[in-house]
Amino acid sequence: EQRARILISCPDRPGIVAAVTSFLYEQGANIVESSQYSTDPEGGTFFLRLEFDCPNIAERKEEIEAAFAPIAAEFEMRWQLRLHNDIRRIAIFVSKAEHCLLELLWQWQAGELIADIALVISNHPDLRETVESFGIPYVHIPVTKETKADAEAEQIRLLRDYQIDTIVLARYMQILSPAFVAEFPGRIINIHHSFLPAFIGARPYERAYERGVKLIGATSHYVTDDLDEGPIIEQDVARVDHRHHPDDLKRIGRLIEKTVLARALRWHLEDRVIIHGNKTIVFY
Amino acid sequence: EQRARILISCPDRPGIVAAVTSFLYEQGANIVESSQYSTDPEGGTFFLRLEFDCPNIAERKEEIEAAFAPIAAEFEMRWQLRLHNDIRRIAIFVSKAEHCLLELLWQWQAGELIADIALVISNHPDLRETVESFGIPYVHIPVTKETKADAEAEQIRLLRDYQIDTIVLARYMQILSPAFVAEFPGRIINIHHSFLPAFIGARPYERAYERGVKLIGATSHYVTDDLDEGPIIEQDVARVDHRHHPDDLKRIGRLIEKTVLARALRWHLEDRVIIHGNKTIVFY
Amino acid sequence: EQRARILISCPDRPGIVAAVTSFLYEQGANIVESSQYSTDPEGGTFFLRLEFDCPNIAERKEEIEAAFAPIAAEFEMRWQLRLHNDIRRIAIFVSKAEHCLLELLWQWQAGELIADIALVISNHPDLRETVESFGIPYVHIPVTKETKADAEAEQIRLLRDYQIDTIVLARYMQILSPAFVAEFPGRIINIHHSFLPAFIGARPYERAYERGVKLIGATSHYVTDDLDEGPIIEQDVARVDHRHHPDDLKRIGRLIEKTVLARALRWHLEDRVIIHGNKTIVFY
Amino acid sequence: EQRARILISCPDRPGIVAAVTSFLYEQGANIVESSQYSTDPEGGTFFLRLEFDCPNIAERKEEIEAAFAPIAAEFEMRWQLRLHNDIRRIAIFVSKAEHCLLELLWQWQAGELIADIALVISNHPDLRETVESFGIPYVHIPVTKETKADAEAEQIRLLRDYQIDTIVLARYMQILSPAFVAEFPGRIINIHHSFLPAFIGARPYERAYERGVKLIGATSHYVTDDLDEGPIIEQDVARVDHRHHPDDLKRIGRLIEKTVLARALRWHLEDRVIIHGNKTIVFY
């Protein structure tokens, strides 16, 4: 496997693509996928994602990074080079609802979710057997108002020990503290069970029912300090009607939730998502 | 044409369907479509819509209504019998945006919208030529803060003169006063250019852009005194991404707006929509 | 639980609904859901599905059936009364692909699929462990051209022993013989991995790729003697583009396949699907 | 307006993107949109579309093309440079159905369809008034089996006189001869009223009804000598059910047809569609 990808953002100006692609060509790389976006060709921010094949990329990664540094400096780039088979370690946080967790486990088992699910953390003991049957460690860390700070400290310790890159909140029903969020900026992905910004906060299906909406949705977003206000990665909806009670909405919603979360995580792990202010650029 | 429909709501209890269908059978009618819904079989409200064929229904309508009255009284029904070819008179309110108006005019011209578009009222003169080319009267009633009461009085006078049954706000950019709304309860249909309850109020596409949503939508609802809070009839969405600026959202949104409004109006005119509290039952 | 449902088809003529609903009222039943359809009010076939609550329905089922028989005879009805908690026994046939099987098992475990999954039969041994972990018997019956008749005889014996009502082909890659199909008329549900009638037969994703379609689909249908030609219960699609190779189409398609099959099976088990000629009426 | 776009296809090999983007940089251009695709990085075909801003591009176009020629030769490119405000001239062919034609006219009037609708040609006189009210010439050329060759000769003469670039068959119910098609390779866009390859040929809605499908669709494709077999540009579907008769399918289908055709044409006019064998690459 000789595939890699580079993700770049920098002030927009002429010559960026030429500089990067010429560099890659000189390194013997062949570009296989290219995506770019500029918030404004005049004075905006430019985003570039290139996927390329390059012989011996694994051995040459550091050398290529060193060679690229001057170009990056010239264009004031924030950038990152990642090998295609540099599989990232993720932790999944769950409470009692299992549908999102299971979807991720099944996709992982089927080889569709390319990640190393290193750990599942839950504030409830219920899903231990399910998770362990996949050969994945399950850590039960109860959370109460009193123990929350200690619980988060324990979670952070575990996430470090396991060298976790990305945290997935798969219907984890606890709000993370700003301190916790600050430890993993842009690396915590949540699934909210509504079409944000409609029905921010608790009980969205009950509120959707009360409002009489004709579509329900789910939203996957990065977690920030503002509840349900982080950058949206993906959303989807399903049709409902007057016959559906809140329990029906929950049942129908489960399919959207798990699909949307899995899609967002997949894009994140493939470095297709760039956070820009409170929005995302998604190169899918 | 011997088709008619009856729309009923009443407290739920056993025997309603039997009573109504037996009555129709005795009148020589054959039921061709039936829809029902109960908020709760125990003590809830029951809704029934029957479409049926009945020889000479036009001549016999009053006689049948009189014969049905005792049944209606027994079950405490709110009800209404309407002939299939009793075409309703509607007025369309517009401002400057033409896409929703045009969709309704085209569907009407193509025989898909079964209504008598008796009148178009606008607070701007811009669309006069378009409307008049369809042979429909166009009345320009300017509205300013100072003249609003007078303008509404003039509108109401016209709506009465033209015997208007249903008012369609096809991107009419004025808020109607409670007094106006009270004149046409459950008979004013609006299209809001967002997926309510997200982005209630002004500039929804700009706010959708700022929030970075991945789907935009439109909502058709009955107008009540609470802005954008009335019973929702229909909603739909379309996918957008980071490349779309507010103008793109508006362009993409136009297709959803006009489609959703036309669908909602069609259901309303076919007596498929029942308002129940702040929600709708839609028998489509 | 006092809920039941009656499913009726008969020649259309006035008075059917009145007769049935009056009968149910006399039995003390309250109708909670009603669906009907006529292929033609003049001389067509009429279909009726009523869901109702009736005290002591379990004890009184035979008595009610006997009392209904004269009405059924008068209107030449084919009909069937089923208690809501009369859970049907199903068998799932699989080969090697697990996604459809797993979706059904998970929905069953989550209480969303109301059925008794009595048995899984496969022509391969691969999924034994998965199935048995759900506490469900797994029977491996290899099928070759030479052994097919014997294998089907063995399958039929098992299906009878287990008193199987409905057979689900969850990506079972063998064609059933006409003799087998004749044993379970209208009770074998298949999922085909294309938007029928496009790509009937083998390798639909490869052929979709070759044709360059922009949407792929899946179709759940009743099995008849004509391959992929049986009455369609449900279909759905997903968007694809030029970047997707057959393996991508298969991955994207898996989600549609399992969703469509689960939906079709759910409707079948709730007696919402009526086969009429080579089409279905679905009262969802 | 200084925007332009270049569309390139050539054998894939390392260095293409670097060569093209370096060239553009040297010309003072800033790339604002980039899309690429390779059928196979090893020995496949590479496709590139770049949109860029370049001062004085209108005046410098020929000079830039000349300067680019050696690069194009080196990489064996098929390529084309087009200014953003080089509006293409199109002709619309219609018969009696007006919905697709009207959608294009309305989008054109609203400034959403960036093209010069130079001419409408029809084998029927019906839509003359509609078309002429938009200030567009309408030419009625009747077509019978006997006059078909003459009619096509007359059409071709007109298309040349009017310097037509792209022909849109907006539900034109005549099959074009191979000779006609050969005159406009890759420049005739058709809308077929089914989800191809299902229901190729005549009466697709009737056949969809007979088959009992649960979704109907429309397909926009380039016209080739094989009826309904040309490269697909875009497809979409809508949900239907057992209650829908062929006339309902036609009504529902009209919305899909016009939407799909308008989308395909828009992409074509923006040079986002590349024909590759019997498939398309669409860079939307």
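The chains carry the letters A, B, C and D, assigned in the order they are written, with residues numbered from 1 in each.
We adopt the following convention: a contact is a pair of C-beta atoms (placed from the backbone, for glycine too) under 8 Å apart; a residue touches a chain by one contact, two chains touch by 3 or more.
Quick caveat: nothing in here was measured; it's all calculated off a predicted structure.
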item: Other chains in touch with both chain C and chain D; value: A, B
item: Greatest separation from chain A - chain, by CA centre; value: B
item: Gap in Å, rounded to a whole number, between the CA centres of chain C and chain B; value: 37
item: Between chain B and chain A, distance of the C-alpha-averaged centres to the nearest whole Å; value: 42
item: Two or more partner chains touched - positions in chain A; value: none
item: Chain B to chain A touching residues, read off their complex; value: 37, 195-199, 211-215, 217, 231-237, 241-243, 276, 278-282
item: Residue ranges of chain A touching chain D (in the complex, touch as defined); value: 12-15, 17-19, 21-22, 24-25, 28-36, 38, 41, 53
item: Sites on chain D touched by chain B in the complex; value: 98-99, 102, 106, 110, 112, 133, 251, 255, 259
